[in-house]
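Look for chain A in each of the two complexes below; its partner is chain B in the first and chain C in the second.
Our next item is the complex of A and B:
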């Protein structure tokens, strides 16, 4: 299918100038209409030796945006996902027109998702309840997975989200989050599509009063990833922690745009980014903090760090502040550089070979993000996923 | 007079350069087409290469659109309602010396505190004064000539040094650069030209004072400074305009070129009329400034204090082409009442071991909107490049805004880039300390603001630093309490 050109952003659009957009209008955007046995087998192979010990007992798997009950895990219930009454996969009746609901170019891919999606996974946690869940999205050809998370007052959700994809696959995820009064979302995201895959995603979140949203995300693999996140802190005392690590290699491009709107009194944001660009890869991160006149007492802190580890690698950082009130404390810092020569020398002088020393220092660089995972089992899964990318760094695992 | 009385007078006075000089002037009628461009060129007696260059720029401008990405709200500008040339009426031969300059003009500059006469000797500063579209007086020409320094109006340089103009004009900011630079290339009327020969250290500070006087005109001056190998120059720029209810356009272009081992220090205290407290009137200050460090070990330093203008759109930049070259940008930008400032810098690192420093201080008060917009770009050839950026904003009032949009792009693994920024209001602890020591709230705020800007003020030549501090105090009048 040829996508209407006006729907898609171009590199002339300010927030998209780093994303690899060439030829996207020619990609095959239409997903398969049904899951075949072949697809189930391929997805099983990609999942690998799951689950690890101590992992989450409840799992939902979407293949190219379609629910696959065969690969689900956990208690059997009467609903589509087999998890509980609050979790269900709803098939889409009629697709939205492309771009019909698009209000800005940042939501262009969300509009495409709405048009192509074949269903939506809805996760609703009632007031005061707690749920732990793993969602795996597998892209085999082309998929538009859609997730909607709705937490009631004082509800807690611990969500482990994985994205894997076959070579050449295309995924276009839409994720919406609504956190009620005093709710808490612990959100760990591991994005590891295969080389040559493309991954686009649009995250929209509204955080209510005294609610907490903790996001830890690690991205590696794929030919190109583009992540757009629009977060609104709309309730007084809302609290956001957003920490991301990206490892680029080969000719990969990883581009992220996170806009946080502080729109209520005494809201807080802490944002961290770590990017390692090796070989000829390119990493871009645009962190846009807005504080409106309705947010007295807001506090925003941003720390963005990039490590250039390839002769032709590139890192672009854009820490942005847009503030319309004086009762605010906002700061940001951004650094880009190479590995510290003194640290490298120290490790070499202790007898480590150069490759191991290099891996250890890179591990330490991103450990700041992974160490924020409070659950040791989740941390271990992130470390397992990253170990092949940083060979020799296993010695440092116990330190994080 | 006691210090307190002086300060009180200072704080209680408004925009003091808002008077109009009643002087006869020659103006072109409002409107812009190729005939107007040719007419300006003809008035200036320009060679054909320059007329053609202007026309090429004008034709390109017709294909361009006003930029909309800046964080400012601009009332639509009717470019056909502006007169693109206005000059004080002169005797047929023009003034041979300051004694022949219209006394009203000299009186104007005296009111502005610009040293054109004997005070110039005391100040030791050579001044070029630009009134509307033309340069009216340049001091210390002989002394500079002895040192080999060329410091003259742009329109004079067209005749005295056409070879330098043809070689350098538009090489740093081509006419295709942006909408306003393109407009300037088509209609620029005058400005300053500076050439410092090889190995010469300019014996004094050079200064240009720009004044918009006539109504319904725009000012489109162009400054070109060339520092040849091993030379050094410090250049100061100041500007004012009358108080009017209309918005007037100022679209200038400044090009700096530093060859091997050369240094250029460019300082600006910008005090165009900012409009009244309701945002009526004021200058639209849309300026393109760029320096090209072409030679090894060259250095270009921009220091600016921006207190005036209704809207400022200005990004003095450095292209660090030569190995070991250095670029610096120190800025204080104040937006009070309804002023809007979108200003910052670009540092483009191309040569090896190039270094850049950016220190930006933004102050927002009233309903003012202050934006820092920056780009640090390290290209693959810039081995060992370094940048440090510090960008702080101070907010005074619940209805003002402070915005920071830095861009860091690194394409060389040996480069090191550091950026830090903070936004906050005046510390209540600091204010309380000053008040309990008997200092009034307004004085306390001025002291704290001056401390906030200290790292930029220390980069200014001394006379300008004092003027800048005074300007800040005046501009902040009414922002407290």
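Our next item is the complex of A and C:
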């Protein structure tokens, strides 16, 4: 179907100035109605045969937004991806109207997802329990995957989320997160859509009292990505760590808007962004920190850094602070530069060839994002995934 | 080992080397001394191929090869090592990786296979012991959070692992306390060999108390003003540089 133009944002809308929106009204947004055997085979090929070392034992796979039990791993039931009673794929009965539930233009793609989605993967971890899970979203043609995460009081979820796909595919993800009192979400996200693919996503998160949300994300590949994240720290003492790295190459466009609303006493956020734009790629990151009058003692720290590694590459970093209260500690900074010439010469003077030195320094630039992954096996998987782009990712791994 | 003839260089519009002539034979240690801004570090950078230092005349032969025709990494692979006065910090790049990558680059240049991981760690641990360095330094970022003295030790550690034919040590003694100076000097002295040469750039005689040079050169105004034996350094310590500069002006 062709989506009516008014539903979707344009680059004239606030927070969408750098978004890859050109021609989106002409894209075919309707997903396939069912999984074909051909699609299963294509997805199998993309996943590869052997689970990587340190892989999570339980995996759920969505292909163009549809659950594929055949590719699941671990104690996953064949009917509805049951990983215990709290994890299941729920098919959608009737689509929502385009934009029907949209209250803000920032949620336009979420509205589009609700209209087209054919189901939702719900991950609910009961009070005090712990779950580790890998979710792989594969885009073959067009999909609107939907994930809903709900953690009970003091529950913990370690979620490794991957996005891969076929050349020229289209994905529009909607992800919602609700963290109960004292819950903890360790969320690793690896977005590596194929060349020529487009990836849109909307993340909405509500973090409850004393809950912790740790999000570490790396994005590369695709023709264009746009990530919209709206996080609300609604419980006292809620704690958010949000660290992302983006690697742009060729003519890719990667755009992200992250709004964090500090809306309860003593909440805190640490946000870091690292972007490397090579060739003619464009990277934009808009980090919007809001501190309301209901958040005395809030602490917000934001560090955005960009590295241009191509003569025609562009990076736009926009740190924003919007504070309605005096009792707050907030810091933010943004820097954009090129590879450090002194570091480069140092490595060359030790005999490293220029390509290796360049790759090592780029890796070093984003390494502190990856280093925040507490699990060495997860770090290795990120390094493996980035190795084709940055051989320094492997090279810099400790030998000891 | 090293033969510099009438070397001229500039940085931007500023002339920084104005006809350097210097020969460093195999097996010798030479010290280059001179007042601030005389061109000592510049000479080291020019020899190592640092971008921004433009050679405008002269020639440099390194083991019979035209050094100036080589890229910085090729100079290193050919056996030239620069110990930096201010080693940079490179967070995110492990020391141990840099050491191994540098060693393998040199081995590849010599047609040797890559070093085995076990053999490499044995080698590095031995050199670290000599430099009185904790193994924890291996897994840290290159020079990341190191004190000034630790950085200098790390430079010498790299030199010991790479075993270069020619080591240019740019003010390796600066920022070192007496004990650290002895350790660094010991490291340098273990590298002395008939088929190697070492060039020390320094301000002070105190380093030469621990590393005895075969020749001492005074560099000022971009030129070598005087050369002599170790006694020249003692004379400089006693008299300073003014008498030499005055003689040059006269």
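Keep this in mind: the second predicted complex is superposed on the first by the 389 of 400 C-alpha atoms of A that agree within 3 Å, B and C clash if a C-alpha of one lies under 4 Å from a C-alpha of the other, contacts with A are read in each partner's own complex, and residues count from 1 in each chain.
Throughout what follows, a contact is a pair of C-beta atoms (placed from the backbone, for glycine too) under 8 Å apart; a residue touches a chain by one contact, two chains touch by 3 or more.
For clarity, every value in this text was computed on a predicted model and none was experimentally measured.
Annotation: superposed three-chain arrangement on chain A; chain B versus chain C shows no clash, the two fitting side by side. In the superposed model, A:318 lies in contact with chain B only, and not with chain C. Looking at the shared chain after the overlay, A:332 reaches chain B, while chain C stays out of its contact range. Once the two complexes are overlaid on the shared chain, A:90 sits clear of chain B and of chain C alike. After overlaying the two complexes on the shared chain, residue contacts for A:342 are found with chain C alone; chain B is out of touch. Look at A:352: by the touch rule set out above, it reaches chain C but stays clear of chain B. By the document's definition of touching, of the two partners only chain B reaches A:308; chain C does not. On the chain A superposition, the C-alpha centres give an angle at chain A of 80° between chain B and chain C, rounded to a multiple of 10. For the pair chain B and chain C, the least inter-chain C-alpha distance in the overlaid model is 15 Å.
Annotation: chain A has no residue touching chain B in one complex and chain C in the other.
Of all residues in chain C, only 48-51, 71-73, 75-77, 81-82, 84, 87-88, 90-94, 96-98, 100-102, 105-106, 109, 117, 120-121, 135, 138-139, 141-142, 158, 162 touch chain A in the complex they form.
On the chain A side of its complex with chain B, the touching residues are 14, 293, 296, 306, 308-338. Within the complex, the chain B residues that touch chain A are 69, 71, 364, 380, 393, 395-425. Here chain A touches chain C in the complex through residues 340-343, 345-354, 356-357, 360-361, 363-368, 371, 392, 395-400, going by the rule given at the top.
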